[in-house]
Every structure is written in structure tokens, then in C-alpha cells.
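Before anything else, here is the set of structures, which you'll find just below.
After this come two complexes, each holding chain A, first together with chain B and then together with chain C.
Up next is the complex of A and B:
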């Protein structure tokens, strides 16, 4: 039956119109036309601005008649548009009174906050037209992707191994050999590498549309262009970044990203997005008008009583996340990515900001975090918080979790780094970290802990064992940017060296880090390239570098095959042994009558861990009969960690019956005997004990 | 946009020439639909298509779904490298059997 609303009721300059539906917000296809809906609680009037694709000036500007407004929402159906060749925006009229928080300026054309695709930075790095009256333009998008039988994978949290990566960095380097370097399609071509590595989740650094030219500048020393490379500054929350898609120039970035997600899922790999809701690309009072600032400044931003921008993000402005209107757009956004893109999880940048009230004070029961935790569409999505912000709120262990939220465990990173470099007196702390940090997440279980030693912020693993200090000169800020508390150690020489002993020690230290990360309860996260010793030449804050400081050099696969092999086998080993992947905390007691506690602690002597202030070594045994809380039976595992610069003899716990200790890994012996294929571990000749070389980790399997 | 139909060895061969975009796709779709019937064997010869937009890709998929629902079969031939890459990256190619030449296409139907 034909619908009545397929016919126009109004006309403006030849365009056929009809009052629209206020919901859903954004631009939606309806029979014969497009429904445009946008809201502003303080604007006095609104105009829809339409462009032919790429044209300098609008083709028409259609004011919303009064009868097209319901509440604070302006909505209109425009008939007969050429979907593929239209760009749209809005003008908002209203008061300009910064002290009261209003910054309306009808001379600006504003981006729809709900824009599903955005043109203007179609191809990465292509020089923008700075005179453009409307630089980031909303496009119309088909939402009819054919997912066939795909849906989010719902891999249990405790079974994940996360790989944190930047879309462009992964394949931009010429050595990647992919047809379309630096794109979503490039990742797809590298699927075999990810599968061989064994990770089952990739976490993409920002892919929401951002402007790589935001605050771009020339480094006075090198003459190099410095960009907003990482992309932690959002232009549009609903749009994938065009410049990260090989088909962005055709406006097909939506389909390209969906096709990538579908292909990753087909290969058993989940996709997490790193989402930045704490601030936007509009900066402070000196920043540009892109969207929110001109639509409803005081609704979307946290403002001081004088009307200036609060800066809890360290980047100029702070999104007003616990205003009910802003809360809804965040929720709409995540629902959109979960349902339209089949995204499996989200990592929230500076998430503590999301728990501040409209005046910046931390809330004890933040409604936004609660809404996300209980939302039906997000019910199976993993939610991960970076549980701190630039305003001094540090909530590792105390982030409001509602039984759902996991955290980037900064204390795991710091403790493991200090232990690794040989600081004494850390065994008590390390025991907590290895168990999934029950001291932090007592009631939440180890799956609340995302364990990592390195992430995009800070040193890569190779740099962690090769530099004592950051070397950020290439960022053009006099080496003042980036963190100073790196807990790193260069193994005897700052930076790259031909010294064979130092390089051997670095290799061992990287293996030690990988081993300790992958035998810990909780969810391990690996930084892209650490498995092949990627370096940033000591730069611990490469946010602005569109060059080999960020690009993964695939030649390292040839030169660092030893490390790659160690990672591949260690990941497979973890995934083969449920004893590493408990959902609930270990009890340090025998709960199944096996004769052993689920986890027991040892030192050079069995049953005698050294918790003293001078200790640099620790061993533990996981009892296989306690795997998954005693629900499944696994082999027993013994791990000894000697972070001392001397070798030590470790007595081994005696196994019951005719079980024998087998060697899975020993970082103290040369490759290929450093690690074995899961299931093919050689039996240990002397079952009474094992000598650990200096700064070494041993992993044994009892079976 | 040209749509040229012929019957070769009991196969419906449809040759498209020109740009397949939002303006031309609805017309092309309407024409192709008149050629579909239960158990239809169809080859779409794309060698004359120089540009395909998002709307063009969608038209192909709608046509594919229609033909499949009638137990028919459709094969694409003559895709340019650009269009094949675009279809691959956007996931549309997953659905189709595609071959280099018209002869290759005809062979799959004669097997």
C-alpha cells in the first residue's frame, strides 16, 4: 500500500518538502526522500544547507518552517535528492554570549553530529582547501550492508588476547606489500599474519572521522609535517574515517569497514574500537566551529562559570557527558556501532571524564556509565575504561563498573616494568598482578583487568628495553611532551647498538615481558609490532608522526623471527590452557581436593616464596584440576621468574603420580630451544629443580 | 548507460556499458529484472563499465538476491581491476562468481 507521507506538502525554491519525523536523529532514507532531524535546545532557528558534492557554494538553503519543529527538534523530509551527490549541513541562529555559554554564529555551516559519513578529508594527507566554507561535510549513507550470517563473536572475556593497533600504521610502510597501504583493506590483506600470531581481538586506535590536519605544523628542526596522526580528536562520532579507507575517495568507507569486520569475524577475530568521548576537535574558544560549538555549545561542553572551556582532557575542551542530551548521543553512537558495524567491544579513552558531573566533579553513580552497562543492545559488548583522565582523576581499581566495565590496568604495566628491569621488593605486587589483580578487582574478577606492559601511549616493548629516557625531539616540543615515568631500562646502552651481549639481553627481556604477560590471569593486550621488536627510536609519544616512527616495518619479520616465534607459541599455549583463563579470582586454597592450592607460591626453595624487600625472583604453580574454578581439568603449570642479574637454582614442586615436568619455555636458552610447540614440550631431565639463567623466565607443564 | 541483451548458448548475456551510479542504476535494474525468470542463467558482462558507485554495487546485489531467490544463477565477467578491487574491499565481491572473460563465463554454464 502506498504511504501518504510519500508525497510532499511544502515547496521551497523548487524543492519538495514535508514535515519530517523528529526521530531518529540524523539523515534517514524514507520513501521518495531523506528525513533530516537535528536538535538544539538554545537555537532560535535552523536552516538545512545542501551542496552538490565538492561544490564550493551551497545549492540551496532551506529554512525549517515553524511547523517542522517539535520540541527542540527540527525535522524535514526533502524529496527527490540525488543521494550519492549530496552533502548537507546546518546553520543555527541563536545568541552569541560566551559568558553565558552561547556561541551561535549563523555564518557557520555545521556538521550534523549524527553524520554517518563525512567528506572533506577523503584521502589521507591530501592537502585541504583551507578556504572551504564547510570543510567537514555530512554525506548520506546506505545502511543496508549484507552481513549474511555474521554477528559479534561474543568470545568470553577471559579468552581474549587483544592486539592494539593503528589502522594506518599497520600497513602503511612500503614493506607491508599490501595493495592499499594504510587502510582497512590493508588489514584484511594481512589477516594471515594476525591468525598466525594467534590474537583473537584487534583493538583499533581511533577510526571515527578526525582531521589529520588539526594543529598540523612543520617541525622547525626537520622540516617534517607533524599531524594529528593517532586521531584522538573526533570530528564525527558516527562516521568512520574516510582517509583510513581505500575506497574513501568513492565515499564507500562505511562498506569497507563493515566488510573488514565481517572478514575478521569469519577468522575468529573480534574488533574493538578505541572511542574518544571526552573531547572533540573543536578545541577551546579559539578553536574552529565544526559542529557542537555552533549547535548547542553549553549543552555539549563543560564550561566554567565565566563561559570558558574546562580542560580535563588536556586538549582544549571537555564533552559534557553527564548532561542528559550528551549522554543520549553517546549511547546512540555506541548502539549504532554495535548494531550497524557488529563491533565487539569499546575501549574508552580517558574514561574517568565520563564519570564527572556537569561541573567536573566525580560522580559516585555516573548515569552515563550506568546506562552503557545496562543497555540491551550493548549487553554483550565488552566495555573497557582507560580509568583516568588528564584532570587528575585516577580510578584504576575503583572505576564505577556495574559488573560490566573492565579497565586498562596501569598498575600491571608499572609493576611488571619495574620487576622486569630488576627493581627489588616487588614480588608481593607481582603476585597480585599475575593473579589478575585481586587487590584491585576483588569483587569483579580477573576479567576486569586488561593486562598490558606497553600500549600506544609510551615506549614500544623494544624501546622499553633499549632506552632509559624518552627521545621525543621529533615532535618539535623540545622533548617536553610524553611521560617521564617510563620504568624502562636500556640494558647498558641508550638506543640501538651492535653490542652482541646487549642485544641478546634485550631479546631475553622482551621474551620475559611476553612470557609474564601471557601467563597472567586477566586479559592480555599486546601492542602492534612488539612481537617483532618495533622501535620508535625512543619516542614515547608519536601522536603526530606520519612516518616510520609509527609505521610497522614488516622487514622486522625476517630479522626478528625469533621473537615472533616466541610470541606465536606463547599465545597458542595460553589459549590451549584454561588454567590461565579463570573468570573468577584464584583462592590460594585447595578447593577440589587435588592436594594443591589453585595457585601456590615458591622461591628458589619450593613453598618458600621470598616476599622480602630485596627479592627479585618469584615462582608459582597453577594446579590444573582447578582450571576454570575446577570445572575443567588442565595440565599443571609452573612458572619461575628470575629478574636478578645472576642465575639461580629453583627447586620444583613434586608432581603427583607419574606426571612429569616438561619445558614449554625457557628464555635463558638460545632459540629454538627457548620455546616449544604446544603439546611437544620435552620432558625435563632433572625433575627436582631447574637452573634459571640471569633475567630469565621458565614455564613448565606438568602432565 | 547501455544495456545490451543477447542469448548465447541458452545463457542470458547482458552487457553493460557506461557509468553505473545513482542516476543510471535504477533504470538498469528495471531492465535486468525484466530478463530474470525462475532458473535463469545470466552473465553480466561488465567490461564496458568504467565507473561504479555505491548505488551500482547495491543494484548488483539486489539483482543477485532476486536471481538466487528464483533458483537462478548469475556470473560476472569483464570486471576492471578498479571495480574488482572496490567490490572486494567493500565486501560485495563475496557474493558473486566472477570470471575474466565471457567465454570463461559461458563455460561455467556448459559444465
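Up next is the complex of A and C:
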């Protein structure tokens, strides 16, 4: 039967129109045309603005007739558009009364919050036309990607090893050797590297459309251009950043990113997105009009009673996430990425903001977090919170989780760093962290804990063992930006050195960090490049640096092969041993009658851990018969950590039957004897004990 | 340069479409109709000869995506002699993972 809804009922300047469908919001293909739908509760009228691609002025502006408005939604079908060459936006009329929260300005052309692709910053770093009347323009997107048999991988949370990376940083350096550097396509070409490293999840720093020129400036000291490089400032929540796609200039960024996800999945690697819903690129009252500000300012932003912007994000404005309308856009957005891009999980930047009410007070039962946790489409997605915000809310261990949410465990990072540098009295804390932080996540299990020692915020691992203090001069803010509490130690010299002993100690410390991270219960996360000792020259806040401070130098693979090898084998070892990957907390008791507790604690003497205020050493044994809560049988594992500057002899627990201890890793001995191939570990000559060198970690496997 | 597409059936049951010129939204439908015809003729393979294709816009890519799904998964698509920017576009978008890329047609 012929569809009657494909017939126009109205005409405007030669364009054939029909009242649209209010849902879904955004621009959607319908037979013969495109359905445009947008919400504003305070606008008095709305106009659809159409451009031919790249043209300075609109080709037509079509006001929505009154009969095209249902409730607060304007919707219209426009027939016969050349979809490939159209850019669209809106004008909204309404009151300009900042004190009441309204900032309507019909002279501005506004971006659809539901835009699926956005032009304007098509090629990374290409200087924008500052006179453009509509700088970030919505494009039409087809949902016809051929996914074949792909779908999200649904790897159990406890089996993940996450690798946090920035799309551009990963392959932009000339040494990457990829055909399309700094792009989604570039990552695809580096698949073999990721496979050999052994990670099974990559977490991409922001890939929603952002403006690298937002607040861009010249560093007065160096003359270098500083940019919004990391991208923690969203222009459009539904659009992949075209400047991160080799095909951005062709408008095919959607295909390129989907192809990357599909290829990663084919290689057994999940994809998480780092999503920024706490604020937008529109800044405060002095910032630009891009979208929300001119569409419905007081719905989308948290405003003070005087109409100014609350600033819980530290970046000018705060999205009003627990307004029901804003809640829906967040939900629609994540559903879109999960269903249309097959994204496996999301990490929420400054997620504590998502639990604040419209006046900024923390909610005990935040509807947005609850909606996300129980959403049918997101049901298998991993949800990870950065459980703090810039307004002082710190919720590590108390983030409203609804049985779903995991957290970036800041206490793991801080505890492990301090232990690593040799601070005394931390063994009790470390015992908690090693077990997946049951003190924080008693009812949630270890998978609530994303364990990390380094992330994009702060020092890289190499810098953590090479600098006592941050060195952020290159950011042009007089070294005032970035965190001061780094818990770092330079091993005897600030910055790079030719001192052989210091470099050897740094190498050992990096291996110690990797070893302790990868034997801990919970979900380990590795920062891009830590496996080859990437440095930022002591800069712990490289958010604005489009240069070698962020770009991964692939030449390090040649000079840091020893560290890379240690990482590769340690990741493989973790994934081969379920005893490291329990879904539920260890009980410190024998629950299967094996004669050993699931985890037992030791010191230089067996069964005698030193919890004292002066202790810098700790050992533990994981009983293989308790792996996965006793559901599977694994080898026994013994780990000794000596963070003291002297060597210590550690007595070893006696294994039952004819089992013997084998050495998987010993960071205190030179490569290649520092780490062994899983399954080929040499038997330990003396089964009674082992000497741990100063500041070293030993991992034994009992079989 | 104007776009043209010519079709022929080969003895082995493959349909060969030869694309010339610049493939953009204004002409993509011609390409799409040729693909539909190949599907209607029950082509066993689809050979896209791109030796003389100079440019392909997103509308062209859409037809490739359409072809892959229209022909069915048991029909292999061969992309032959894609050059310069056309080849780059196919590689950047990852479409080469879905088809067989060859310099000269050789049935697999």
C-alpha cells in the first residue's frame, strides 16, 4: 500500500512540507524526506535553517507553522532534500531575561542537540573561519552500517583489562607509521599492537564532537598554540568528532568509527567511551551560543537564583542532569551509542555531578543514575563513574550504584603510589586494595573497583617514578594548573638522567607498579604508553598540548622493549589465572576445604604479616581451589611485595602434595629472567623461601 | 568529470560494474540501480571495477554499503583497482574489511 504520510501538505518557498513526528528528536529519514523535531519549553517560535554544505549563508529558513507544534516540540517533515549536501540548524525566538534564566537570541543559529554528525571542525587543527554565522553545523546521517554479525562483546567485568587512550595521541606521532595518523582509522591499523599487549578493552578519551579551538591561546613563553586537546568539553553528544576521523572532511566519520568498533570486536577488544555530561562547550554567560543556551537555557543548565551558571565542573557551566528533559537526552544519547555504535561501556567524567539536583545538592536517590542502571538497552553496558566532581563531592565507595555502577578507584591509585614510593604503614590499606577494596565496595564486589595507578589526569607511570613535582610550564599557567598531590618519587634525580642506577631503579618501579596492578582483584586499567615508559616531561595536566607531550612515541618500543615484554606477559598471566578475577570478594577463610583460606597474608615469616606503622612489605597467597568462588580450580599464587630499600628474605608457605613453587616474575632480577611465559615458569630451587631485592615484587605460581 | 556506470555479466555468473568519473549524491542513484539489477539477475559475485573512478563521496559509500547488504552475504564483492583518494576512502572507512580488494579481478 502506498504510504499517505509521504505526501506534503504545506509548501514554503518551494519546499514541500508536512507536520512531522515529535519523536524521535533530531533529524530522521522518512519516506521522501527528513523529519526534524526539536524541543524547547520556553521559546515562542522556531525556524528551521538549511544551508548548502559549506555555504556562508542559509539557502532557506522555514518557520514552523503553529500547527506543527505539539506540546513543547516543534516537528516538520521537509521533502526532497539533497541529504548529502545539507547542513541544518535552528533559530529560536523567546525572551532575553538572564535573571530569569532565559537567553533567547534569534540572531543565533543553533545546533540540534541530537545532531548525529557535525561539520565545522572537519580536519583537526585547521584554522576555523571565525566569521562563520553557524560554526558547528548539524549533518544528516544514515544508519545503514553493515554490522554483519557484530554486537557488543559482553566480556564479564572481572575479565577486563582496560587500556585508556586518546584517539589522536595514539597514532599522531610520525613514528606510528600508520597511513592515517591520529584517527580512528589509525587505531585500526595498530590492532596487532593491542592484541600483543593483551588488553581486551580500550577506553577512548572524549570522541563526542568538541572544538579543539575552544579557549585556544598562544603560550607566551614558547609561542606554541595551546588547544582544547583532550576534548573534555562537548559540542554535540550524538556526533563523533570529525577531526578524529581521517574521513571527517568527507563527512564519513560515522562509518569510520563504526568500522573501528567492528574491527576491535572482531579482535576480542571492547570499546568504552569517556563521556562528558557534566558540562558543555558553551561556558558561562560570556561563552558562545552553540546549542542549549539558545534553545532552552534554564532547562539545560543549573542556574543560580540570579541566573548565573553554577560551576560544579570547573569549566563554566553545569548541565542540569536531573531535570527530566535533560535526563532523557543523556539516556537517548547512551542508548544511541550502545545500539547504533555497539559501544560496550561508558566512563562518566565527573559523574558525581550527575547525582546533584538542580540547585546542586547531592541527591540520595538520583533519578538519572537510577535510569541508566535499569535501562533495557544499556542493560549489558558497563557503567563506570569518576566518582567525584570539581564542586567538592567525593563519592569513591559511596557512589549511588544500583548494583551496576563501577568507579574509578582513586583510593587504589593513591594507596598504591604511596606504597610504591616506600611510605611506611600502608600494608593494611594495600591489603584492601589488592582484594578489590572490600572496605569500599563490601556489597558490590571487586568489579565495582576500576584499579589504576595512572590515568590521563596526572603523571604517566614513567613520570611518576621520575619526578617529585609537576612541571606544567608548557601549559602557560605558571605551573599553577594540575594536581599537587602526586604521591610520586623521582628515584634520586628530577627528570631524565643518564645515571644507570637511577634508570634501573625506575624500570624496576614501573614493573612493580604493573605487577601490583595486575595481581589485584577488580578491573585493572592501564594508561596508554605506560607499557613503553611514555613521558610527558613531568607535565601532569597535558589537556592543551597537541604535540609530543601527548603523542605516543612508537620508537619507545625499541628502547623500552623490556618493560613492554613485562606488561605483555603479566597481562597474559592475569587472564590465564581466574584466581585473580573473582566476581565476589574474598572471604579470608577456607570455604572449600582446601586447607587454605582463599587469600592468606604473610610477611618475611609465613602467616605473620606485618601490619605495623613501620612496615613496607607484604605478601599474600591466593588459593587456586577458591578461584571464582571455588567454581573452578586454578594454580596457587604467591605474591611478595618489598617496597623497602633493603633486601629481605621471605619464607614461603608450604604447598600441599607434590606441588612446587615456580617463578613467574621477579622484578629484582635483570631481564629476561624478570618475567616468564605463562606455563613455562621455572621451578624455584629453594622451596622454603626467596630473597627479594630492595624495592621489588615476586610472583610465584604453585603447581 | 561526468559519472557513468556500465554493466556486464561474465561467464562465471559474476556481474561486473565499471565505474567512471566522479561518484557523488547527484549520480549515486545510477550506481544503486545497477547494483539492484545485478541483484535481480542473481549475480554470483559483484565486481566493481574502479580503475577509472576518480572520486567517491559519502553517497557513493552508501551505495557500497547498500550493495553489501542487498547482494546477500554469500555474494562476494570484489573492488578492483581502486585508485588514490577512492582507495583511501574505502580504507579509511574500513569498508575494505567487508569486500575483496584486488588490483585485477581474479575469482577466489
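Basically, the second predicted complex is superposed on the first by the 703 of 703 C-alpha atoms of A that agree within 3 Å, B and C clash if a C-alpha of one lies under 4 Å from a C-alpha of the other, contacts with A are read in each partner's own complex, and residues count from 1 in each chain.
Heads up, the rule we're going with is that a residue touches a chain if its C-beta (ideal position, glycine included) is under 8 Å from a C-beta of that chain, and two chains touch if they have at least 3 such contacts.
Bear in mind the structure is a predicted one, so any value in this text is a computation, not a measurement.
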State whether chain B and chain C clash or fit side by side on chain A once the two structures are superposed.
clash
Which partner does A:85 reach: the first (chain B), the second (chain C), both, or neither?
both
In the superposed arrangement, does A:188 touch chain B (first), chain C (second), both or neither?
both
In the superposed arrangement, does A:146 touch chain B (first), chain C (second), both or neither?
both
Interface residues of chain A shared by chain B and chain C, listed 82-85, 142, 144-146, 148, 179-180, 183, 185, 188, 245-247, 250-252, 255-256, 258-259, 262-263
What does chain A use to touch chain B in their complex?
82-85, 142, 144-146, 148, 179-180, 183-185, 188, 245-247, 250-252, 255-256, 258-259, 262-263
With touch defined as at the start, can you tell me which chain A residues reach chain C in the complex?
82-85, 142, 144-146, 148, 179-180, 183, 185, 188, 245-247, 250-252, 255-256, 258-260, 262-263
Going by the contact rule at the top, pick out the chain B residues touching chain A in the complex.
21-23, 53-55, 57-58, 61, 85-86, 88-92, 94-95
In the complex formed with chain A, which residues of chain C make contact?
24-26, 57-59, 61-62, 65-66, 68-69, 73, 88-89, 91-95, 97-98
